[in-house]
Every structure is written in structure tokens, then in C-alpha cells.
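You will see two complexes here that share chain A, one where it goes with chain B and one where it goes with chain C.
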Partner chain A sequence: MLELFIFLYQFADAFALLTLSAAGLMIIFGMMGVINMAHGELMMIGAFGAARGFQAGLPLPLAILAGGLAATLVGLILERLVVRHFYGRLLYSLVATWGLSLILSQGALIVLGPSTQGIESNFGNFLVGDLSFSIYRIVLFGIAVGVIAGLWALFRFTTFGLQARATMSNADMAKALGIDTARIYMLTFGLGAFLAGTAGALFSLAAPVQPSFGASYTPIAFVVVVVAGSRNIIVGLTLAVVMLALVKTAVTINLNILGGYVAMLVMALLVIRFSPNGVADWLQKARSLIKKPSTGR
Partner chain B sequence: MTFSLINGRIEPGSSKLFWFGFCVLLAAAVVVPHLVGRYTLLNLNSFLLMTFLAIGLAFLWGFCGILSLGQSAFLGIGGYAYGVIAINLAGVPGQTGLAFVGAIGTTVLSALLVSWIIFYGHLRGVYVSIIMLVVTLLFETFLNQTAGPQWTIGVASLGGNNGLGRFSGAIQELPSLKLGAGEAAVLMIGKSKTFFYVTLALVVGCYLALRLLVNSRIGVALAAIREDPDRTETLGYDVRLLQTFAFCIAAGLAALSGILYVSWGNFITPSVFGVTSNILPVIWVAVAGRRSLAAAVLGAAGLQWGSQALALQGEYALVIQGALLVVAVLLLPEGLISISNVVSKYLGKSSNPNLEQMPQKGRDHAA
Partner chain C sequence: MDWNRRSIIKASGALALSASSLPLFGRMASASENPIKIGVIDDASGDFAAAVIPKTQGAQLAVDEINAAGGVLGRPLQLIAYDGQSDVRRHQEFAQRAILEDEVSVLMAGYTSSEREAARAVAVENKTIFWHNNQGEGGIADNYSFFTGPIPEQQILPGVEYMVKKYGKKIYVLAADYGFGQVSAQWVQASAGMNGAEIVGLEFIPLGNSEFSSSITNIQKAKPDFLFLLLVGSNQSQYFPQAMAAGLKIPAISSVNLQQGYEHKLFAPPTLENLYVPAPFLEELSDTNPNAKKFVTAIRGKYPDMPYVNECARCAYIAVNMMALAWAKAGTSETDATIAALQSGLSFDGPDGMVSLDPATHHTAMDMRMFQVQADHSIKVVADLGRVEPWWLKRLGVDLTAKAESRQYLPTDDPELAKYLK
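Moving on to the complex of A and B:
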């Protein structure tokens, strides 16, 4: 019984880590096909913003929000100055955002120094049997579920969501129908940056904040996005995160943390080896099988 | 016949002026070691040995349309394999030669495995780039935690983030490459003129061989794949096999850099798998011009030299190189080499078709 709880707790922890690390990257990739290589640096900016805000006396939720907004601001500036020139030219966008990432991380090292900061976590622990568990990890899990639900609602019910989905499925047609696709792209990039910054701010309670802060989350985020594919943001993200979190949890418990990461990568390689468009493809195939025989497309 | 292939249409630079410049540069390079001190020579050697990594990346990216963001992984695999094999063969005749062959073999085998996943899995371009980056970062994480006696291959201890070689504090001697046998053998020590001349000869040899390759029928097919893989496949080319071949060539070149790196410094650490080691070759190639092998060589050597000069001034070298990369892809998407194209157009000479702007649609697919 206790073992089951430990597994669930670890799974929830991995689920939160993967979802929050990848959500911002996933939104931008799903909409524009751009993999934002500066994602980790936006997380770092969010973490620094939250830490500074908290030290300046902001209450914790506001400090986290401040971190998210700081990353949004930087993200919007990057989008206007650089990224918007590379929509539709995917390899160029990779290289350009990688350059931005180098500027931001090294710039942070110069401006802020290699010092570490952090926010004292004051959430405490709870006991199950003789073992104590962090309450904050459960909070993070709740937030991760909330992020997925919130994104779903955003794309399902709002005008922005409708226009975004139209742009995603056929940008030229959406433009012809009067949707300002450039604005949609900008807002999406801003949303991705906000999610990245907020994730960084949330993780800053559990990890030391330093200029290389984002580097520990970006590989995970890349793996999630690769497994998820770009067909369907919400479904792909959820499926990918659940699968990867299960693998990570099982291997981490039975082996070690590094083994968990290796297992996630192997899993990702196997998925894309046999399903290059990611797991979201599976659901669409399954759905089309159930509904009616496929009619070509 | 051979010369006309070397001087074909795919690689820019076929005019008399180009070959004149080539000879002048080569002559200058031959004289340089006699004009500089030992410390500068040591640095020049380290810049020169990295050009194989750059030329392989330019070949892969500019000529085949495959952008690997983790190309330094193959440098690391080659370097580590060379070190591990050489340490295990201590005392055996032909020790470093066997290690050299083993290292190239190991790297090409790894490249084949990666190719099976990325090319035979029909992955899109962006995925290939990202997967390579994730793989190399995982290598770094893995090797960083290999400190301790349980992490050994034969008698070579991997040494965690101290890496292989003298910083591990172990008694392992990581030997420099020894070429030839008996009286004629030359030892590739990092501070020697021998190192410089042998590496220079290898650079020129690899450059000319790659020119041959890109101008051959295979090279033309690879360029076709870059522009439109589906159409090339329809025309009857085995796209995946050709991509695998190109990927292995580039990996082998990276491994050559790795072996020479170990031979140069007698150590290698997991940082060769890190982000910085992987972004630098991309910067050299993107800034100089990915569609020219000569530009890749010059870009690699020149930017390393420039960044070292900057690093002596302060910590801004990486920021400036990042900015250089962003500015280059924004304003000069084909790199500095495209300026020469403009100049030759201005002079009324025929420009190289490979450097001209491709139609937007085809470019999206490949670039």
C-alpha cells in the first residue's frame, strides 16, 4: 500500500515536472512549428523574477506571477525583434533562438554573476506511515493539471483559441478570412514565454536559481515535445507526459534518477522511430478507425 | 578528370582568383609556425584541429540539409574511444594507430545507429536537430557522474567530470597520436610544429576530398535531397541510404577532431558533449557560410582565434558569438560568403548557383 502511494507520489511529481517544463515550448511548437531554443532561459528569467520579487517583499503567488510576466516581456521582445522573421523556416528558427539562448544565459552570468538565489519553501511536509512527503510537490501536480485544463479551455472556448486553432490548421486560409495571424503568433509566443517563466518561478522554490537554471529542464522539455508531436497540442502533451512520467517513475524507483532520464530518452527515440509525428497521431488514427473507414486524408 | 570534379559547380570557388587565394592562404599557413611563439602555436593547433568538425557540419547542413545541433557528440565519442582504447593498449606496438582506427570505427557505428532512428524513421528536420542535442546532453550528464572505481572500461577509468587523462589523478597516461612506424614515426604533440603541419595537410586533404564528393553524382543527389527529399526519392534515389552515408562522413570528421583534440591536450572531459561545445561549430558554420566548405574551415579557425582574443579581454566572448549568430541568420542567411557572391555579381562574373536564393517553397522543406 505504501509502495503504491510512493509510486503515485513520484508519478505526480514527474507529471508536474514534465508538464510545467514543456507546456510553454509545446504551445509555440504546436502553433508555429518553431522549437524555441531559448525556452530554458525564459524559465531562468521567470525564476530570477520570482526570487527578486519575493525578496522585495511580494507575497509568494504575486512573486511567481511577476516571474511569469518578466519572462513574457522578454519573450515578446524576442518575438518582435528576431523570432517573427523565421516563421516557416524551421531550421533557421532553431539556430536563431539558440543564439538568443546563448546571449541570455551568458548575459545573465555577466549581469547577475554565478551566485545562487532561491525562495525558502514554506509549505512543509506530510507523513504517510513513517515517511514524510513534500506538500509543495502535490501543489505542483495540481497546478500542472490546472495548466492543461486551462489551455484546453483557452483553445476550446475563447475567440483567441478559435483563431489560434484556425491559424494552426491552415494559416493562409485563416489570413484570408481576416484573422491577423501575425498577432496570433505573437500572442502565442507570449503565452509560451509566460508558461515557461511561470514554470521557472514555480521550480525556483525547489531548486537553486542561477544563470544555468534552465539547462536542467530543457532536455526534458525537448523530449516531451518530440514525443507529443505537433498534431494536437493538448492531447499530445497529455499523452506524452503521462507515458514519459510512467516510464521515468518506474525506472527511477527501481534503478536511479539518471536511469529514469535515459529511459525517457529511449522511450522517445522508440516512439518517433515508429511514429514520427508523435503520439497525438495515434489518437487521431484510432479515432478515424472508430468513426468510419479512412477516406484518404 | 579529378580536377574538373574538384572544380565542379556545387562547391563555390572555382575561379582562378579563388585558387590563387587558396595558394596564398596555404603558403601563409605553412610559414606561420616559424613566426610565432610556442604558446601561440599551441593555440593555433587547437583551432586547426576543430576545422574537421566544422567542415563536416557544413557538409551536412549546407549540402545535405541536415542540421545536427549535437555534432560535437561525435567529437566526444571519437575522443573518448581513442582515449579508452589507447589506455587499454598501453605497451602494445601500434597502440595509438589501433586506437585511431577503433575510435573512427566506434564513431561511425554510433552514427549508423543514430541514422537508423532518424533517417529510417522518416523524422522531420527539426526532430533530427533536437534529438542530436538531447542525446549529446544526456552523454554529458552520464559521463559527469562516472567518477569512481566502478566506472571503468578495461583499465581506463572514465573519471567523472575530470574526464580521461591527466586531471583524473590516476596513473593512466593518455598518449598522443603516433603516425608511421620505426624511424619515420612522428608524434603528434600539441605544442609541436609537426602537429601543425600534419593537421594542416589533413585539413587540405579533407577539404579537397569533400569537394570531390559534393561535386560527384552522390553530391548532386545529396543536394537534390536537401531541396526536396520526396521528389528525389521519386526519381529513384535511395534517400535514406544517401543521408546515412553523409551523416557517417560528418561523424567521422568530427571523430577526427576528437582524436586530434585528445592527442593535442592528452585529456578529454564531458564538457565536449555540452551545449557550448555544440553551439560553437554551428556559429562558425552559420556565420561564415554553410554552403561553402572553404568558408567553414576559415570560419572555424577565424572565429576561434577571435573569440580567444575576446576572452582575454573579459567574459563577453560567448555573448558576442551568440549575437553574431543571430545577426548572421537575420541579415546574411547564407553567411559572410554570400558577400563574395554579391561582389562577383558586381564584377560581372557568373555567380555560383549553389549560393543563390532558392524558391521559398523548396527552401522551407530543406532549410
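Moving on to the complex of A and C:
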């Protein structure tokens, strides 16, 4: 029973980590076909924003929001100045945003200094048997589920969501129908930056806030996006995160931390081998295979 | 608009120039006053930057003080700093550049053991004096290599002995998964054996890992009396807030954390409460120790924004001063004569008292203290571990004054230690 709880707790922990790290990257990649290499640095800006906001006396939720907004602001500026010139050009965007990431992290080292004090996490802990667990990790899991649900609702029910989905499936046609696709792209990039910044702010409660902050999260965010693919943002993200978190948790508990990472990478490798466009693409194909006989009749 | 663009081009040109200007100015200066050049490769960016930036500052302070007092042999000292970028390859490249192009008289490089070995290999190959300036896993016997940081027989052995007496015999070890962490973990195992203690858990953590919830659960299941932490880099230091959030309240000791990464300044109290640190120096020593007070005042006067005066600053400061003493004694900056001077029994009254360079092993004897982190993250000296010599290599028969060597000894090379290793 205790073992089952440990598994669920660590699965929830991995689920939150993967979802929050990857959501911003996923949105931008899924919508615009741009791999945002500066994703980790946007997280870092969110973390610094939250820590500095908290030090200045903001209550915790507002400090986290401040971090998210700081990253959004920086993200929008980057989008207008640089990124918008590279939409749909994967390799160009890769190099351009990588350059931005170097400038941002080194700029942060010069402007913000090598480190700042993080935020005190006073959420407390709870006991199961004689083992104690962190409440904040459960809170993070709740927020991660909320992010996925919120994104789904945003794309499903709002005008922005409708226009965004139209732009994603056929940008030229959407433009011809009068949708301001440049604006949609800008807003989507801003949303991605906001998610990255908020994730950074949330993680800053348990991490040293430093210019290299994002480097801890970028690799796993990339693995999630590779596994998810760009076919369907919400389904892809959820499926990829659940699969990776399951594998990581199972192997970490039974072997060790390194094994957990290796298992995630092996998983990503298998997905790329058998479904190069990600799990969402595979799911869609599988569904159409199942549907075909019924439509045939 | 045109003016703007031109000024941007100018600014970027200036930036490019400043990036490469240090060695450039080095050559210009050498023509006029022939300085003695000290090359330092420290991580000014990347995962280790927060801990390593003070190292360059400690070296610079020593250079400035020596130059203000007239230099050495009538020549000024010149510090040439390269950013190692927390990257092993950069350390190798810059070591070559420092020695072959910039012709430094001494190279001080490497934070992690892997960075150190990358740079040290280049120095040894080119017969250049090399210093490593933070604590390490020890065991290196090499004619060209010198060490200011404490080593296992000065930290881990007395540390484990102290903790076993105070808390009990069950130890859980979390160690960074690379050279330093693995060798240090062997030392912890051997020290446990020598003190009749037992290792109830040993986990190696990949460098760059920042997720510890599985380790925290494992620790709670194993119920150790205390933890031995060998966590490296800012990612791994995320262990502390995560353990705190999970309510893990087991006393811990670390031979590397806090004294380098000042985690007690990065995390809100009481995250590090009850962490023990066996070390010669922490900034807080300046509250009670006049030497430390003098050093901290001087370096903070020069760098008011320093987040913490850590072990790296202390070690680099001592290394530059030792070199100055050696050059003065040798009467030249020529390598062989300088090594002979370094092997003549030099001592320097440094930030934590007298530090003596052992001629036989090229490591230093120093005054060791046991520091304890309080609930408000203030630091208390809870035990005086006394003056500890670097004795282990000598027990293995190393004497660099008599016999040239270039190798690293491991705990498995010593039967007295190996018998405790599985």
C-alpha cells in the first residue's frame, strides 16, 4: 500500500515537472513550428521575476504571476524583434533562438548577478506511514493538470482558440478568411512565454535562482516535445507526459535516477523510430484506421 | 537611425575586442614592464559560476595586494583570466592557450575534478606549474601540481568520526556521479569502516540532476543517523529545499556543499539547519578569527556585491601568495627553480591561519574546524578539528622531493582503506 502511494506520489511529481517544463515549448512548437531554444531562459526570467517580486514584498501568488508576466514581456519583445522572421523555418529558428538563449543567460549573469535568494517554501509536509512527503509537490501536480485543462478550454471554447487552430491547420487559408495570423502568432508566443515563465516561477520555490536555472529543465522539455509531436498540442502533451512520467518513475524507483533518465530517452528514441511525428500523430492514425470500416459502410 | 546603427556596430566591436583583450593587453604590458603572468581558468558562466566566480576575485585580490607592495622580484604580477564556462573542453582549450600563446608562468584551473584533470594534463605535459584551488578527492602525486584545498584525510575522515560520535553509526551517502563524487564516496565508506559505522544507502546522482523526490523517499526508508552529502553544482543543490519541503530532518555533513556553493545564502532558512561542514574557512569565521576578518574585509572592500566569500576565494588567494613567496625565494620565475622553492617548506599566514605547503605531497596542512548551520542559517564553530597534515600520500610512500611521480592514488591503492570497500 505504501509502495503504491510512493509510486503515485513520484508519478505525480514527474508529471508536474514534465508538464510545466514543456507546456510553453509545446505551444510554440505546435503552433508555429518554431523550436524555442530560449525556452529555459524564459523560465529563468520567470524565476528571477518571482524571487525578486517576493523579496520586494509581493504575496506568493502575485510573485509567481509577476514572474510569468516578466517572461511574457521578454517573450513578446523577442517575438517582435527576432522570432517572427523565422516562423515555419525550423532550422533557422533553432539557431536564432539558441543565440537568444545565450544572450539572455549571459545578460542575466551580468545584469542580475550569479544568484539570488530563492523563495521559502512553507507549504509543509504530510505523513504516510512513517514517511513524510511535500505538499508543494501535490500542489504542483494540481497546477499541471490545471494547465492542461486550461489550454484545452482555451483552444476549444474561445475565439482566440478557434482562430489559433485555424491558423495552425492552414495559415494561408486562415489569412484569406480574415484572421490576423501575425497577431495570432504573437499572442501564441506570448502565451508560451507566459507558461515558461510561470513554470520557472513555480520551480523557483525549490531551486537556486541563477542565470543557468533553465538548463535543468530544457532537456526534459525537449524530450517531451519530441515524444508529443506537433499534430495535436493537448493530446500530444498529455499522452507524452503520462508515458514518460510512468517510465521515469518505474525505473527510478526500481533502479536509480540515472536509469530513470535513460529510460525516458529510450522511450523517446522508440517513439521517433516508430512514429516520427510523435504520439499524437500515431494516435490519430490509429483512430482513423479504426474509423475507416464504419465510414466505408 | 544611422547614428543608432553605427553606435550599435561600435558597441558590438568593443564587446568583441574586450572578449579577447586580456591576452592582448598581456603582450603589450610584457613589453614595457615584464610582469609575471598568472593564468586562471575559472567558470564565470554555466552551472558552477556562482561558486567559482569568487575564485577569480580571490586571485585578483592577492595580485593587487602584492603589486601594491611592489610586486615580486621588482616585477608586477599579472592575472590573465579565462572563462572555463563550466565546460571540460573549454578548460583544455584555454589551458593550451594560456601556456602556449600567453606563456603564463603558472596555471590555476578547474573547479570539478573533471575540469581540473583536463587543464592539469595540459600543464603537466608542458611542464608548467599547476594549482587546483578548491577541496578535492585528493591522491594526486605530481611534480608540477599543487593544491590549496582540503582533501579527504582532512575533511571526510575527521568529519565521519565526529558525526558517528555525535549521531550514530548508520550513514546514507548521496554523491555526484563522476570522479570526485565516486572517490569521495569510497573515502566515506572507508571512514565508516574505520569508525565501526555502516553505510545503509549509497546513491550516485547524475551531474545536472535536480530531482530528488525518489532519493528523499529512499533515505527515509533507510532511516540513517546522518547523511553524507557530496552534491556538486547548483542543480544538485536543489536537494536541500526539496528535502526541507518533504520534511526530511536528518542531520547531514558535507565536505563540499555550503563552503563552495553557499546554499545557506541561496535558500531561505531553515533549509540547511543542522548541516555540518568540516572546513578551514567559511566567511562566518571572520566573526571570531582576526585573519579571516582581515581577508573578508579586504575582498568585500574590493568586491562589495559578492554574494559570499567562499572556499574558492580563500584557496585562490592562498595559491597566488604561495607562488609569490616561491618566486621571491627562487629569485626567478623559471619553473624548476620555482618548484624547488615551493618544495622548501613554505608557509603563508592566510585567511584561516598558517597554511603550510608540504614538500613531499604538494598539498597543504591547515587548521580544520567543524562548522554547523543554525536554524537562522547563521554558522557556529562547534569543534576545533586541529591542525591536519596531508598525511595519506606520505603513508603510501610518496615523496616528490625524492622521487618524481605523475599519478593519482585511489583509496583502493591503500590496503588499510581497501579492506573497508566492497
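Before moving on, here are some points about what is shown:
The definition used in the following text is that the second predicted complex is superposed on the first by the 291 of 297 C-alpha atoms of A that agree within 3 Å, B and C clash if a C-alpha of one lies under 4 Å from a C-alpha of the other, contacts with A are read in each partner's own complex, and residues count from 1 in each chain.
One rule holds for everything that comes next: a residue touches a chain if its C-beta (ideal position, glycine included) is under 8 Å from a C-beta of that chain, and two chains touch if they have at least 3 such contacts.
This is a predicted model, so every value here is computed, not measured.
With chain A as the common reference, the superposed partners chain B and chain C clash. With both structures placed on the common chain, the touch criterion links A:80 to neither chain B nor chain C.
In the superposition on chain A, contact of A:287 is made with neither chain B nor chain C. After overlaying the two complexes on the shared chain, residue contacts for A:90 are found with chain B alone; chain C is out of touch.
Contacts of A:100 after superposition: chain B is touched, whereas chain C is not reached.
In the superposed model, A:273 lies in contact with chain B only, and not with chain C. In the superposition on chain A, contact of A:253 is made with chain C only, not with chain B. In the superposition on chain A, A:222 makes contact with chain B only, not with chain C. By the touch criterion defined above, A:261 reaches both chain B and chain C.
Contacts of A:183 after superposition: neither chain B nor chain C is touched. The clash between chain C and chain B in the superposition falls on 109-117, which is one of the stretches 37-45, 73-81 or 109-117.
Residues 106, 109, 215, 258, 261 of chain A contact both chain B in one complex and chain C in the other.
Residues 33, 35, 82, 85-86, 88-92, 94-96, 98-103, 106-107, 109-110, 215, 219, 222-223, 225-226, 258, 261-262, 265, 268-269, 272-274, 276 of chain A touch chain B in their complex.
On chain C, the positions that touch chain A within their shared complex are 44-47, 49-50, 53, 86, 177, 203-206, 208-211, 213-215, 217, 220-221, 234-235, 237-238, 241-242, 244-248, 261, 263, 265-269, 305, 307.
Residues of chain B that touch chain A in their complex: 61, 67, 69, 116-117, 120-127, 129-131, 133-135, 137-138, 141-142, 145, 275, 279, 282-283, 286, 315-316, 318-319, 321-326, 329-330, 333, 363-364, 367. For chain A in complex with chain C, the touching residues are 6, 9-10, 13-14, 17, 105-106, 109, 113-121, 123-125, 127, 130-137, 205-212, 215-216, 252-253, 256-258, 260-261.
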